[in-house]
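First subunit A sits with subunit B, and in the next complex the same chain sits with subunit C.
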Partner chain A sequence: MSEVDANAAVDTVLLADGAKPAKAARREAGSSIDRQRKKLLIPFVGPAFILYTILFVVPSLAAVWISFHSWSGSGPMEFVGGENYVRVFKDPLFLKSFGNTLLLLFVVGIAIFVLAFAMSLVLRDMAGRKIVRSVIFFPHLINALVFGVLAGFIFNPGGIVNTLLGPLGVKEPPAWLAQENIFPLIMVTLVATTTGYYTTILMAGVDRIPPYYYEDCALAGATAFQRLRYVILPLTWDVFGTCAVLWTISSVKIFEIIWVFGGSSGAGIPPTQSWTTAVYTYVTAFSGQSTPSYGAATASAVISLALVSVLVVVLRRAMRRDAVEF
Partner chain B sequence: MGAAARYIRPMAILAGAVLALSACGGGAGTAGAGADSTTGGSLTYWSMWKEGEPQQKVIAKAVADFTAQTGTEVKVQWQGRSNTEKLVPALNTNNVPDLVDGPYAKLAPVLGNTGQAAPLTKAYDTTVDGKKVAELIPAKYLATSNIKDKDGKPWMLPYSLSSDGIWFDAATHPELAASPPKTWDDFTSVLDKLKANGETPLAADGDIAGYNSLWFTTALIRAEGPGSFYKLASDKSGAGWDSPAVLAAAKRVEKIVNGGYLINGYAASKWPAQQQLWASGKAALMLNGSWTPTETATYASPGFQYASFPFPTIDGKSTSQRADFVGFAVPAKAKNQNKAQQLATFLLGKKYQDAYGTDAKVLPIRADAAISPEMASVKKALDAAPSVYLQNDGVTYPGFVEKVFWPKDDQLFLGKTSADDFVKQMKDAQIQYWKDNG
Partner chain C sequence: MSTLNKPASRTTMRRSAKTAATGESGPPKRPRKSASGTASSPALRADRSPLRTVGIVVLWLIVALSIVMLLWMLMQAFRDTRSILSDPWGLPTSLAPDNFVRAWTVGDFATATFNSVITTGVSSLLTVALAAPAAYYLSRVAGRFTQGLTMYFILGLGIPAQVILIPLFVMLNQVYLTDSLIGLNLVYIGVSMPFTVFLLTAFFRSLPLEMEEAAALDGASALRTFVRITLPLAKGGILTAFVLEVISHWNETLLALTLIQSTEKYTLPVALISFVQQQTYSGADWGGLFAGLCIVVLPMLIIYIWLGRRLTEGLTLGMGK
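Our next item is the complex of A and B:
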């Protein structure tokens, strides 16, 4: 029996319940494992695909459709074309919110990555690094609401910071929670809470690098910077890229920490100085103080989605390298 | 296991999931459809109160008595303040609650203004304790035309009120309780006196835009009468902001800000830090809502006696008071509208109105209901007021208050802009607003 025939025989056994004639199977390329995989594609991917379509794709398309209408959430809808987009883009408040989103994405993002990378290098050969890793990861587990509430205790005029500054002779402490200071405080808080998360991921990448590369560096007399430039960065580049995409997606959605940081532990909405596009969208649809305008809110949400999509594509392009096998 | 079985199992799970999803979509809320009689059956009620709140306890008691008397089962969901946000998506389905409640400012944007509320003609014609509902609710509250739909029929049945006032501790300031300042000049001289005595005259949580804006809107309404802020905001030309009366109102706010009366750090704190300081006696006065005694009770200094006086009059003009309705509405799509209206009027019974005043310690809508001592001063001002106005003077244009008015008003109240600049900026912003939203 030739090898081909043998394969065909195996196929016939496998397909004994008559799903496919043996002839057709023979024409398909690949081993029987590949064919098994193909057969399992529909039952395994299908449910997820259908649920994803129902729960995410259809609502997203509906949002795009709503964004072309003037609608208060219920009752009659009036088609207005691209008017909502024009209005949203002309709204100085939206531009300010959009600018804040970009600040979070780039300024906070860069700060997080520089710090996370530096920490993963320091922690690489530090004693007790497992404990340190857990400690710096911990803030990420805490709900952002806690930080919002905590901000009051720490930065209120009679809060911890000013109480500590008093004995040091600071008579006129800064107005920490003044409207214009809230957004910078949020940025600092985000850096503090998110750095640990990315450090953990980056460290997993750095830990993967076999020690003999470092020994090689030492033998060649490479400086710390050269080691970073020629060994660590190239070998962790794919991890780095994934983290960058993760941050891009999550930063555009940042909402709750802003909602609770300023004026909203239950009694108001945050000052407009600290709004992001996510907050803008929410207030436009659900402020509770005025007639909801779902058209403008969805337009703002669609713009955010477009922003994320474009940035992710650009980022993937910019970060594209051939993964170094080792 | 055959290939077919490999498909069947996940597909069966999926089919089950789809069925479960569609079942959620069409299940509840259709009970008693068609037979909307006034006895038996059931209705659904989405409440703005959460279990355990004093108001919830009173309403829950009324609901239980209602079921016992009429045999109508009431399916209550104690949803809390977000019930109106949840209502909006529900209005697009056939699964709407029969009865919802909330403050006017939240019900009007989603039900009243969009024509999604049923007229409550039956409720207003019902007799409770021998009187028609329309007569139980003081006429001056009903004269606030905003609760009427386009056919002139009321769509909201209030069962409670919220108002505001300038609050103080009568135990430490008996002189204010004995002779509260009546006019603006009296008020500023009280502030000066307090300041001269080394006391902080005013507390304010400057991060709550809605509290900050009370100063400007009330100062304007005192001078120009109820509806003046509504008229100002509705003016597409923005010319209203050129009026000397508007500037004068802004100047009064500016005087409060620049007079050094406000508690240190009010512009950079997080609610409720400043009202806590006020309740512990670190500041004498605070302009805030009628919920203040309930809200600050847990941290008030021992022996604190809540008392208030109304925002002072300006040039001897309007003494009308703010009165925001908290009440029921019935969505136009509701299936059990008659029963819902029946339950809504049930809560207007004297027994429940009294409990609302004395147990929940807020203002019941009926003028003859009992109230708690904390509310006495607010109630007196309301009873004496010739007319009432709503929060933000009833302005609910999409985004106007929170995107145009509040940010600019915050700048004024937090001392970042002058009254002159505020008026100019508001004029420009309002012209732009109406250009975009007109």
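Our next item is the complex of A and C:
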């Protein structure tokens, strides 16, 4: 697992850092300042290393450990091997949550990518692009709770959407916030609020394509589609890869918006139809409704981690192409 | 057509593109020489397809809608629940901050805001203070060991928060740091290390080395070089990293919800959730809720207006390079 992650991380670093990771270091190898710098290891890296290890790495490893035990948080831990994993995969609630997580990952992900790419193509040379870009980026800085609460108001039976639909002749608007409709609505809300961020990243990729390629296309008589297929896509391919990795990592943690979407049902827990694995983990461990099952809860979390790791590796493989130098 | 994608033809394409860009006379005479090389050359404006026009209109609609939504939310915070429900499109009749006062006093948003400000400020400051030296070391010392260390830090980027939730709760509980803002601060610092170290390492690498070398030649120690030369040069990047941490800690919900139990230690997102949940019993107070939303959103809006471009660059750093 960790090796898998490490590979992905290496790729991320290489990708992010572009051309010259080692140049700076090579130029000064062996100089006295270099030797001095090496002495800074403990005071400079030490504190960050210790806090990060204790508060992030150890808990991650402990999660894997706990997932092989039966434990209610207090009392003795009992080693049960893979039983928790078998148990969650037999639990219809977990399967529903896992399915929802996959829906977010793939359906919402693809929708975001298609829209973001289309938007970045339109934005490329339109007037006022800076204004548009700053406005569509802003939702990324807002807590998703806010969108969840607002959606509850907008789709309320007497809310904005229905007051707008009324004059249009819709006499019986759908029950937007009925349990079976909530998750699709969450998916739409996520597309609406996340696309702007990915558009901004894709634009950074589209922007670095030098203008003379477009001129050359025009001179060669290329159609808009040919220009897209042979210039823009190959030259932004690596940015696509980065975005896909980012979405994989962030979609698996989605929690807040589901927790409050459409107000709250009586018990303070969202309807099970809209759970994701993150919600499943939290509820199984902390809801206080039944005996907490830390084993099953961490098993669910570890499964999400495995999902992320596998997908990141697959993505890096699939997106790997000869880097186009330009 | 597919040959256009082959390397050989790409080089020829690039060559011809370069001559075109520099405006040198090649065999084919270029039609409109005057407009060459600039971003507004006719070649770039060539496509005025209806599809594109639709796209532009849609984009401006999205922009208008976003701004209207934001303003609408601000407006509703000044209206009382009954008028909000009877006419969601109405404008406030007065600017009396009743809802804010009520949210502030009854909804415990005052304590929560105070807690959030303190937690966000302290943890972001400490995160950057710890990550900057580490990132400096990782960006300046070469070797397999450093590479491995960098990897170790970056590994955390791929671990979703729910994985560490339960072990963290158990561990902190043993040292009496659950339901404690100190514990929450520590957790935020630890969890933010991967991204901050990643961002700052990339940033330090992008700085020119000449001044550091000059300082070293003048006999400055490595520590002195870092404090007197690199840190001032890196002010911009460090500020970006700090503000990005402020944003993520201000909005962090899952860990705070798990680790904090008593009302007087709630951070804003937790207070907001509890406010939403209380409505199930005490009836909807949409006015107060909108005021609460504004308290969560407005600081982000102010930061964004103040530092907008820097944040976009920080969050997309490396993606476009």
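Just so it is clear, the second predicted complex is superposed on the first by the 269 of 326 C-alpha atoms of A that agree within 3 Å, B and C clash if a C-alpha of one lies under 4 Å from a C-alpha of the other, contacts with A are read in each partner's own complex, and residues count from 1 in each chain.
In this section, a contact is a pair of C-beta atoms (placed from the backbone, for glycine too) under 8 Å apart; a residue touches a chain by one contact, two chains touch by 3 or more.
Computed from a predicted model, the values in this text were never measured in an experiment.
Asks: Once the shared chain is lined up, is A:A306 touching subunit B (first), subunit C (second), both, or neither of them?
Replies: A:A306 contacts neither subunit B nor subunit C.
Asks: Answer with first, second, both or neither: which of subunit B and subunit C does A:S60 touch in the superposed model?
Replies: Touch partner of A:S60: subunit C, not subunit B.
Asks: State whether subunit B or subunit C is in contact with more residues of subunit A in the superposed arrangement.
Replies: Partner touching more subunit A residues in the overlay: C.
Asks: So, does A:P47 touch the first partner subunit B, the second partner subunit C, both, or neither?
Replies: In the superposed model, A:P47 contacts both subunit B and subunit C.
Asks: On the A-aligned overlay, A:F255 touches which partner chain: subunit B = first, subunit C = second, or both, or neither?
Replies: second
Asks: Quick check on the superposed pair: does A:P157 touch subunit B, subunit C, both, or neither? Answer first, second, both or neither.
Replies: first
Asks: Should A:L95 be classified as contacting the first partner (subunit B), the second (subunit C), both, or neither?
Replies: neither
Asks: I'd like to know which partner A:F286 touches here: subunit B for first, subunit C for second, both or neither.
Replies: both
Asks: For A:V114, select first, second, both or neither according to whether it touches subunit B, subunit C, the two together, or no partner.
Replies: Neither: A:V114 stays clear of subunit B and subunit C.
Asks: Look at A:H140 in the shared chain and tell me whether it touches subunit B only, subunit C only, both, or neither; answer first, second, both or neither.
Replies: The answer is second: A:H140 touches subunit C but not subunit B.
Asks: Where on subunit A do the contacts with subunit B and the contacts with subunit C coincide?
Replies: The overlap between the subunit B and subunit C interfaces on subunit A comprises residues 15, 17, 39-40, 43-44, 47, 51, 54, 73, 158-159, 263, 265-266, 268, 286.
Asks: Considering only the defined contacts, which subunit C positions touch subunit A in the complex?
Replies: These residues of subunit C touch subunit A: 1, 4-5, 10, 13-14, 16-18, 20-21, 28, 30, 36-37, 39, 41-47, 49, 52, 55-56, 59-60, 62-63, 66-67, 69, 73, 85, 88-89, 130-131, 133-134, 136-143, 149-171, 186-187, 189-191, 193-194, 197-198, 202, 205, 209, 212-213, 216, 221-223, 225-226, 247, 250-251, 253-254, 257-258, 269, 272-273, 276-277, 279-280, 284, 286, 289, 293, 296-297, 300-301, 303-304, 308-309, 311-312, 315-321.
Asks: Taking the complex as given, what residues does subunit B use to touch subunit A?
Replies: Against subunit A, the touching part of subunit B is residues 2-4, 6-7, 9-11, 13-14, 17, 21, 84-85, 88-89, 91-92, 105-106, 109-110, 113-116, 205, 207-211, 264-265, 267-273, 277, 392, 395-403, 406-407, 410, 414, 436-437.
Asks: Would you tell me which residues of subunit A are touching subunit B in their complex?
Replies: Against subunit B, the touching part of subunit A is residues 15, 17, 19, 39-40, 42-44, 46-47, 50-51, 54, 72-75, 87, 90-91, 93, 151-152, 155-159, 175-179, 181, 262-263, 265-269, 271-272, 283-284, 286-293, 296.
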